[in-house]
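Structure, as structure tokens:
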Amino acid sequence: MTTVLYPGSFDPVHNGHQEIVQTAAGLFDHVVVAVVRNPSKTPFLTLDERQEILAETFSHLDNVSITSFSSLVVDLAQEVEADFIVKGLRAVSDFESELQMAQMNKEISGVQTLFIPSASSRSFLASRLIREVFRFGGDVSSMVPEAALRRMREKGTE
Amino acid sequence: MTTVLYPGSFDPVHNGHQEIVQTAAGLFDHVVVAVVRNPSKTPFLTLDERQEILAETFSHLDNVSITSFSSLVVDLAQEVEADFIVKGLRAVSDFESELQMAQMNKEISGVQTLFIPSASSRSFLASRLIREVFRFGGDVSSMVPEAALRRMREKGTE
Amino acid sequence: MTTVLYPGSFDPVHNGHQEIVQTAAGLFDHVVVAVVRNPSKTPFLTLDERQEILAETFSHLDNVSITSFSSLVVDLAQEVEADFIVKGLRAVSDFESELQMAQMNKEISGVQTLFIPSASSRSFLASRLIREVFRFGGDVSSMVPEAALRRMREKGTE
Amino acid sequence: MTTVLYPGSFDPVHNGHQEIVQTAAGLFDHVVVAVVRNPSKTPFLTLDERQEILAETFSHLDNVSITSFSSLVVDLAQEVEADFIVKGLRAVSDFESELQMAQMNKEISGVQTLFIPSASSRSFLASRLIREVFRFGGDVSSMVPEAALRRMREKGTE
Amino acid sequence: MTTVLYPGSFDPVHNGHQEIVQTAAGLFDHVVVAVVRNPSKTPFLTLDERQEILAETFSHLDNVSITSFSSLVVDLAQEVEADFIVKGLRAVSDFESELQMAQMNKEISGVQTLFIPSASSRSFLASRLIREVFRFGGDVSSMVPEAALRRMREKGTE
Amino acid sequence: MTTVLYPGSFDPVHNGHQEIVQTAAGLFDHVVVAVVRNPSKTPFLTLDERQEILAETFSHLDNVSITSFSSLVVDLAQEVEADFIVKGLRAVSDFESELQMAQMNKEISGVQTLFIPSASSRSFLASRLIREVFRFGGDVSSMVPEAALRRMREKGTE
């Protein structure tokens, strides 16, 4: 049985993330999606909201479970007995920082990271840009799952 | 008649920006230079100062007009009836985030972005570095238009 | 009236090229698509075939004309009285060589180049990869215009 | 059971390749290492030599098998019933062409590619550079497996 | 006699920095390592701590001296009569911002920058990631010099 | 005394190369410019022509000497007792292959490489593009030293 860990901020989860989870769920036995609790940044959506959106978005996939963490990602990987970490890759700028982090994580724990390339039609999606467009009243309904959109609208643009 | 929108922070406008405006003004009928009012960052120069510097710098070009905006750039593009947005491109790191933004803007509004490459002799210019050099008392007179330099000196290095 | 020159090998033209021509034809008065005759490489499709495919593919666009050239691209730009050259941009690796060529072309002739970003859903398309897939019998029908596909099939995989 | 396909030229296999195979063999049930027969290039080592070196290098790993192919890689993936393709990633320049190929392969067949980052200590290894150093009499013994070194020395620098 | 200036934040100094200093000390007569006092960021280690760690780490190298600065780096270069500045280069993302800064520094002062590539086995090291791993209780002992590790442990993870 | 080795094809030497040599000659005691004899490519200018052009171009610099080589560059470095190799860096695409080669050279011989960034106004210069422009009759007089231009004109565009 192969378990993989997919960590991220998911603030909000978007269609690019969704595709990575679906790909991983199709290839491996168990996918743990883990939301990072980053105390140094004020998120747009709370940790609970982000977990609830993920749970709703992936409720139809039996082998996907949702959790959160505020430790090193490699400690979580060992705790959930993940065989490896998966990360999406969209663009060159992603690639270098992700590669650096993957090498650092391997160095400190032996935990391996594998990269899943984004479908090119979603390579422009980024949570930061989606938040910005949403805050100015732009239409992001083609970029995020239904559950994320509903929560973002309840929350409003402030 | 072709109208193009050139948005930016211009804090301060530098010779690389100036070249993009001159190129666009030579190729197209009307160039709208638009200063973003970004409430989340404290700028070095106020919005008014940045608009006045731009107005003075491009006063000799009849087909250049200056405005500001605090909305989505694509909303402004539609408001001023721009045929498309133009952005300068200096380096690879510019390229990826600009490409992402261009694709996002096309997705949410249909508005197209075209890129004008910087002349190589200006590819190192960046407002952030210019502000830093100026604050430490360095000489930036070869990097910014006369009007920007005068304002920056009035303001002082604090 | 704005005339733009869009040069390339088009061996074969693919959907990414098609999108650039359509975008340019929507923004500007006249688009000259020019096929380079590169004597140092043996093309997959002959120069005539490539011109015929382009003519058929863009026959519905009144303001697009097709030509070929074996000179410097900036000499052709001046000959057809193009206001500037347009090139598509897909990825970082494109960007650097294109930027270098654009700066060289400006240096030797004053002719400007503007870049049109590819829609992200077509960013993986490249004539070289399409030829390779086709030669091994792969299905490229979702990647090239109808006229290119018909010609490629007539020609066979050899 | 998870089967993965690891295609490449392996001319010669080097320690960076070796590490990718070992990582994949540790994570998945079966690793098929496949040497491409590229008729358009004259290789340094023949197809047979490259297969024999790989077989010897990975003889201690029960779940690694060696094959060769002259078709589309996605056809081979379906033939050997691979769940997905794995590729190593060393550097940004690798990344873009690999991403393009991964997206193309997914488009034409649905076959997914996953990337395994090279350990940073092997990121400079490349078969092309190793061949060059070897031809000029340089010492490559720290860069290739024992079996590759022995074959290369038998073959000589010509 | 050749004097070179090696500026940085060194928060903390890591094995990648250490290698650059050792390389520079082996090639040139005198290496000035200079810690930047950046008033706009709260460092993990104080300026004094960072200087003490550097002094201890390089105490065995006679031709290395440690200083700090809060001016333009090119002013310091002229003050210490450095022939040029040296910087380490690990990755593409480093490269572009470092190149921009090097060109800016040459423009404002004539001071040249030379780049020393990191050994690939240390290319993933970055002070920011090391601080993060340390704060979450991860083991960074293979990444920083002894003196840095001792100070970090005295300070604790807070 | 510091001796540095500057290897390259110099087919032809251009103003970007010239600047690197001048910078190195200003910083170090002795600069050995070495033309590679690459038997696998047919050069535009012969090895002798390239050496003569370099000798003429740098005849006013007492501490620059010209040689050629057909061995590993690190063997030449040891033969001429160079303290290190210098290479120019223009762009990201240069950077990765140069970094790879620098790490390989260090691995096989211990010889270090240092990089000198090109002035931004010369970052678009590349011998390959210059040859291409020249062959089509374009004006390259602003891009190459006088001695190179004269030789190229004698040779003609063929």
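Chains here go by letter, A, B, C, D, E and F, matching the order in which they are written, and residues are numbered from 1 within each.
Following the convention adopted for this analysis, a residue touches a chain if its C-beta (ideal position, glycine included) is under 8 Å from a C-beta of that chain, and two chains touch if they have at least 3 such contacts.
These numbers were taken from a predicted model, which means no experiment stands behind them.
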item	value
Shared interface partners, meaning chains that touch chain A and chain F	B, C, D, E
Given chain B and chain C, the chains that contact each of them	A, F
Farthest-lying chain, centroid of Cα atoms versus that of chain C	E
Chain pair showing more contacts of the two, A-B and A-D	A-D
Centroid-based (C-alpha) most distant chain relative to chain F	A
Centre-of-Cα separation between chain E and chain C, whole angstrom	47
Centre-of-Cα separation between chain F and chain E, whole angstrom	30
For chain D paired with chain E, centre-to-centre distance based on mean C-alpha positions, whole Å	37
Where chain A touches two or more other chains at once, by residue number	91-93, 96, 99, 103, 120, 123-124
Chains grouped in pairs wherever the two touch, ordered by label	A-B, A-C, A-D, A-E, B-C, B-E, B-F, C-D, C-F, D-E, D-F, E-F
List of chain E residues in touch with chain B within their complex	71-72, 74-75, 92-93, 96-97, 99-101, 103-104, 107-109
Footprint of chain C on chain A - complex, ascending	91-92, 120-124
Touch list for chain C against partner chain B, complex	2, 23, 27-28, 83-84, 86, 89, 92, 95-96, 99, 102-103, 106, 112-117, 119-120
Touch list for chain D against partner chain F, complex	91-93, 123-126, 129, 133, 136-140, 142-143
